[in-house]
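Both complexes shown next keep chain A, but they swap its partner, so chain B is in the first and chain C is in the second.
The block that comes next holds the complex of A and B.
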């Protein structure tokens, strides 16, 4: 952990998050959101969670951006395709600060920060998650499964149910997208 | 792939030649990288999920640049439908196979009775097999979602 790099990346993340919600065009918003995902990926990689970073890069910055753009190209408003930008000046009339959602999200954020104060320090070897099962995995996983990448060993073997139902959830997502958009017998 | 580009030139004349050529060259490497990520998950970051998404996005890139028919030429809709259920079936099937051979569900060491490699080698190999299932499933499901989204449900013409 290099705190200067962390601070720099976190500042960029916050800037990207604010830009995503405040920029006018939905296409620009999608692209900035991809940049946000990629910065998050850099943060994960910097914290040592390389598998999570890989997933974030591939799914968050890669394929979900493609899905967003594909959905945008097929979405229409009253004045035509959404992707061309909204010409109607009245469309953005109601775009001021909405007080209730703003207050709700600020309160949630403050509560989350308040809860974070009770977290153990980052990488603390004495914290409960690091003393309970992690040490068992670190000591025994390679010997028991012959898989040097502990994340794969845990996901595929010790937490096999988790990964299995993850795959089932993805399948269900695919089936529901198909059944919502289905035109004929697919 | 070269015929694909010739064909796409007729079908999508507005598409850029540089884009088409570079994508034509790039796609095999993306697929190779995806396969590498799937099978090398034991030793490096990655695994079935990430590799499957990369494999799927190679075909999505093909669909974006050469049109949806070109992508359907390589993985037809029926094959894709079958593959998307193959992933979960492979995963659950290996779990069930462990039960049949006398272990608990997803206890790969029990598969030692099929081929005596030793329970530890089978645990490693079992992880590889389920990762393969995850890769196949995720690849085709991502591809299917993209096809349906980009063609508004008809799957004949993409973006």
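The block that comes next holds the complex of A and C.
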């Protein structure tokens, strides 16, 4: 981990996150979200999580964006939403409700900041998540499974059931998508 | 004051994760366009994944792919390799998040077919006018 690069990427990520929820057009919002996912993937590669980084590059920046764009083109081509956007000047007419979402997210953030104060410093090799069970995997996984990539060893070997039921989740999601979209033809 | 500043610098990764989470949460509540809500949900999820990956990082740690001969000889030290366990858990989380996004987008298309809009206000108006 290189903290200069990390800080630079984190700044870009926050800028992209703010931009993607505040631009008006939905298509531009989706494209900025793809850039956000890609920056996130660079951030993970920089922290040494190479497997997570390429999964995010394929799934987050690739497939999610394709899903979003496909859904947008099937739903909003006739209205002007796609390019110009119509985000809500008339929403929350009652002024009392206008500040509620901001206040809720700030309260949640303050609580999380408060909890975060007890955390170990970032990148500390002696922090609790880095000491107890994970060092066993690093020291013994290759001897027990003969797979040099530790993430693959844990994913396919120690946590095989987890990965199997992950496939069940994907299958259920596929079945749901098909059954939701199928009914329109009846 | 100095201790407070040192604390801030040592954990800036975690602070920024909280900021991202607040942005996503705000978008989920405030935006009344369904696509914007979904993007907010995705930002929320990536913020949580970022948090978990950050807990596994180690100063000067290498990527979790080790040399096989060295590892079989027992020469790999746990402090030299980043923690692979959060990576495994977050791989599952990424796949689940894309499944959730897919189902949510399909539901959104169904709502659009039914009410002709993906804007929350218009949908609510049409739901009310449908009622007898």
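Methods note: the second predicted complex is superposed on the first by the 159 of 186 C-alpha atoms of A that agree within 3 Å, B and C clash if a C-alpha of one lies under 4 Å from a C-alpha of the other, contacts with A are read in each partner's own complex, and residues count from 1 in each chain.
By our rule, a residue touches a chain if its C-beta (ideal position, glycine included) is under 8 Å from a C-beta of that chain, and two chains touch if they have at least 3 such contacts.
The shown structure was predicted, so the numbers you read here are calculated from the model rather than taken from an experiment.
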Partner chain(s) touched by A:54 [first = chain B, second = chain C, both, neither]: first
Which superposed partner A:168 touches (first chain B, second chain C, both, neither): first
Partner chain in contact with A:148 - chain B first, chain C second, else both or neither: both
First (chain B), second (chain C), both or neither touched by A:66: first
Chain B or chain C, by number of chain A residues touched: C
Which of chain B and chain C A:157 touches, first, second, both or neither: first
First (chain B), second (chain C), both or neither touched by A:74: both
Overlapping contact positions on chain A, where the chain C interface meets the chain B interface: 50-51, 55, 59, 63, 67, 71, 74, 143, 146, 148-149, 151, 155, 163, 166, 170, 173-174, 177, 181, 183-184
Partner chain A, residues of chain C touching it in the complex: 7, 10-16, 18-27, 29-33, 35-36, 38-40, 42-43, 46, 49-50, 53-59, 61-68, 71-72, 74, 76-79, 81-88, 90-92, 94-103, 105-110, 112-113, 117-121
Residues on chain B engaged by chain A in the complex (per definition of touch): 37, 41-47, 49-50, 53-54, 56-57, 60, 64, 77, 81, 84-85, 87-88, 91-92, 95, 105-106, 108, 120-121, 123-124, 126-127, 130-131, 133-134, 137-138, 141-142, 144-146, 148-150, 152-155, 159
For the chain A and chain C complex, residues of the former touching the latter: 1, 6-7, 10, 13-14, 17-18, 20-21, 26, 29-30, 33, 36-37, 40, 43-44, 47-52, 55-56, 59-60, 63-64, 67-68, 71-72, 74-76, 79, 81, 85-88, 90-91, 100-102, 104-106, 108-109, 112-113, 116-117, 119, 121-125, 127, 129-130, 133-135, 137-139, 141-143, 146, 148-151, 154-155, 159, 162-163, 166, 169-170, 172-174, 176-177, 180-181, 183-184
Touching residues on chain A, where the partner in the complex is chain B: 50-51, 53-55, 58-59, 62-63, 66-67, 70-71, 73-74, 143-149, 151-153, 155-157, 160-161, 163-164, 166-168, 170-171, 173-174, 177-178, 181-184, 186
